[in-house]
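Every chain is named by a letter (A, B and C) in the order it is written, and numbering of its residues begins at 1.
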Amino acid sequence: CSCLGAAWAQTPPTSQVSVYGTLDVAVAQRQLAAQDAVRNVDSGLMETSHLGFRGSEDLGGGLKAQFDVSTFLRPDTGESTRGIPGEAFWSRSAWVGLSGDWGQVRLGRMSTLNFVNMMRFSPFGPAAGLNPVFLHTYIGSAAQPLTTIAGATDSGWNNTLAYTSPNWAGLTVAAQAAPSEGGPAGRRWGGSVVYAPAGQPLAMAVVYDRTERASLTFPLAFPTLGGAVPPLTGQQFSMWQLAASWDFGVAKVFGQWFDGQIDGTRPGPPPPDKTLKLRTWQLGATVPWGSGALLASVAQSRRDLSAGGSSDAQDATRTTVSMGYDYSLSKRTDLYAVGMSDRVTRLDGGTTWALGARHRF
Amino acid sequence: CSCLGAAWAQTPPTSQVSVYGTLDVAVAQRQLAAQDAVRNVDSGLMETSHLGFRGSEDLGGGLKAQFDVSTFLRPDTGESTRGIPGEAFWSRSAWVGLSGDWGQVRLGRMSTLNFVNMMRFSPFGPAAGLNPVFLHTYIGSAAQPLTTIAGATDSGWNNTLAYTSPNWAGLTVAAQAAPSEGGPAGRRWGGSVVYAPAGQPLAMAVVYDRTERASLTFPLAFPTLGGAVPPLTGQQFSMWQLAASWDFGVAKVFGQWFDGQIDGTRPGPPPPDKTLKLRTWQLGATVPWGSGALLASVAQSRRDLSAGGSSDAQDATRTTVSMGYDYSLSKRTDLYAVGMSDRVTRLDGGTTWALGARHRF
Amino acid sequence: CSCLGAAWAQTPPTSQVSVYGTLDVAVAQRQLAAQDAVRNVDSGLMETSHLGFRGSEDLGGGLKAQFDVSTFLRPDTGESTRGIPGEAFWSRSAWVGLSGDWGQVRLGRMSTLNFVNMMRFSPFGPAAGLNPVFLHTYIGSAAQPLTTIAGATDSGWNNTLAYTSPNWAGLTVAAQAAPSEGGPAGRRWGGSVVYAPAGQPLAMAVVYDRTERASLTFPLAFPTLGGAVPPLTGQQFSMWQLAASWDFGVAKVFGQWFDGQIDGTRPGPPPPDKTLKLRTWQLGATVPWGSGALLASVAQSRRDLSAGGSSDAQDATRTTVSMGYDYSLSKRTDLYAVGMSDRVTRLDGGTTWALGARHRF
């Protein structure tokens, strides 16, 4: 057991660490547009499994020191990643911070503001395999090679300096910046304004982030379609998010709008400079029902390539719909059944279903 | 210290995690048949060192949610594997489950039923470097290239759905299945019946597991002997285990019988289809003595290659004998001294000894 | 939360594990001699960040079992190393030990005696990026390709058997040995005598360690200077350390002397056998001031290559000076501002500064 730890010479006695995490495993059939269906025991569909260590120290005068380090993991195979080969072990979070009356400052690797609010304002939240808007904005797939601005630049940023304001009657302002350290990831910054007054049905958010001086190369379309090659090298990425939710009691409804742009270069017919626009909307609802909730969400993305050389294969629309029931055995443990349809212009559609269990600790 | 964790907004307050593990380090000389002797500081001889996180949540009405994630580690070098390069970090276990009056269901990566009972019914149990029957069934070595059915397909399975019955007056039934997800590991299933009535001297088990549609390639014999190449590609693996123990008080005796078969193909003289049979027996005893126990075990395996093309080099017998004393400093900490002899037909024998310490937490 | 762990069938109830660690992140400009300046969010400058698990079990009669496993990590990127690619996960420590009236015996991977005392007798202690003597003895850099004896053979040894005596009125004797297991690291042994009487201002240490039968190849000088190639292959490494500190109350002063030698071979003009001598001294002080301390330290190293073939590029002097203020928010959390100058014969000097936060848990 990890408590009652032995007094250790060099460690002061007041430290506090929580071991926390989530394990999510399902029996599933997965099939995105243009993919073959695969039946398997899978993980991370309803929430990316993870294990972490965090803590807080009261420094007096309202000041606190805080930290969080956590790793993704896949309980179906025992791997310590989200599925990205070679990913750093503590990719989920690794930061230390100070908070006080004036807000919180953090330094390290952490989730981006667009990512956090993408989850917050969608019914399926952290469901990397089942949340339509998550798939459209942060998960690369064969059906959507250049997912969006956000997916290209990761849901977490290295080397980040972040500020979060106190909650002023429901209003919270946050900003993040990460310097370029020479590599292809470039330099990044972003900000958000969230209004979510306690005890009120309304919550809303405006978020923006931007990546500059990057050099990230992607295929531009589904490989079997014309125009997929040569790939695009994106240099500047930006994304706006407008999001809102309203809790009617019998149902909570969600809406999101993402407007993203990638400026980059592509070998081939002139001009070499290309601008790729990706726009996504999401509508959804959660309906409390029995010891759980019905969940429904639809997301649609449209991709436009301007500045010449555009072909049919490059402009495309993707529509993804998920519906399911999430049954709570307790506040920490739930069972879920979810079905999802994924359709992309000119590609065969895909159907996914999952029966799973999630446990938080 | 890891207790008194700070209340964290999104985490309910009732979670329970245990940090647990075992560290096993020894000064040893290791030499299996046909190997050179190596003297070193080694780890994992008496038990594969590991570190894990597990917990249980009471859901009411007898229902519980449970989880376990754990990693192997080697305290002599700091590596996070059993010694298999590139192994997934959480290879020891990564599952989430529900249990109730009706038994327990688990999903994820976990030990196989044959593996668990191989340890249970042998005096040296988890001693991956010193338990004769462990070496014969799950540890590949230069002296035994194609260890057995079990070693080829790993002691843990990915993507597993498992059921364990309640204990009915000593009787427990378990089943595991893992779908093929396309890779070379194939699809796997198995079951066990264990009878171990509380307070009685007798315990016994019947276990079976099977791997189908695999594609796992191995050298067929010791490299310096004829017939080692070309390698065999095993497609279907099956193993029966019959095991029993009887506790006489002054001594507890153990017996095991493993009957394994690999059906595969091999380039070279026709017919290409080969059937390899591996049969292992183990006899052993533990004798309580002072603040510890004397341990002794002998395992013998015989390998037969049928369906033509057999040479002397491919049929072989291996006999391994271990004797030692395990001294308990407490229920969690022990010191041990073990000697082992390993002999294989037509190869030079090997002698191993180890003086080690094991600590569980 | 990691306490109140569920009782687990096979685990005795008395176990004790502490989760501990340090996270250190800074905004910094880093520039050693002959390097370009890089501004970034960095980690590990004031102390290499880490996360570990340790515990102690009382075995009665004054006997205790102890263990420690810990991993380095980099909060700026989430990586689980000090920055050495492919490094084992538990590289910081992985050992199990027994202690009693007679001292402590440990087995596994652990820090060397020279390394521990290098930190103890310098004002900046574990500051891998800001402590001059740490940089000179254990951190390879473009400005100092063959850092010293110590850096070449790592600050931690695998496969180590260690003894530490009880504290006899301030006197402690320790010894470590690690057998050669065939690889290029060779066999290693060392010892230390530390005199640090409780309540007295004086502390002093004599340390020696030695690596034999190694085969470690290094560039011999800064790449752009003559004589850098061909590289040296070191076979025998030895290092003496003499260190002392005196606490005057208003200030604590530190002094260290390192005398190291590498015997090796180098292709090229005869004779092939070379002896490289590296001598380092350090002087420093900590001055308590407000809720923190002023820190200052200077280290100078001189490198001499004897036995023929020496060129100007190979004999060199490096001088590094650091000054800073370390402000304690609590015993566990501090903020720091440090500046450092690094100068090497015939190379451009470098200037480093860092503003950082460190939190221990």
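Throughout what follows, a contact is a pair of C-beta atoms (placed from the backbone, for glycine too) under 8 Å apart; a residue touches a chain by one contact, two chains touch by 3 or more.
These numbers were taken from a predicted model, which means no experiment stands behind them.
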Check: Same residues or different residues: which describes how subunit A and subunit B meet, taking over half shared numbers as same?
Finding: different
Margin query: Rounded to the nearest 5 degrees, how far is subunit B rotated relative to subunit C when their C-alpha atoms are superposed?
Written below: 120
Check: Centre to centre, by mean C-alpha position, how many angstrom separate subunit A and subunit B?
Finding: 39
Item checked: Shared-contact residues (touching 2 or more other chains) in subunit C -> 1-5, 15-20, 53, 55, 89
Check: Within the complex, which stretch of subunit B touches subunit A?
Finding: 1-6, 8, 11-12, 14-20, 53, 55, 57, 59-60, 63, 65, 67, 69, 88-96, 98, 107-109, 156, 158-161, 178-179, 181-182
Margin query: Which stretch or stretches of subunit A touch subunit B in the complex?
Written below: 1-5, 11, 13, 15-21, 23-27, 38-43, 51, 53-56, 73-80, 89, 329-333, 357-361
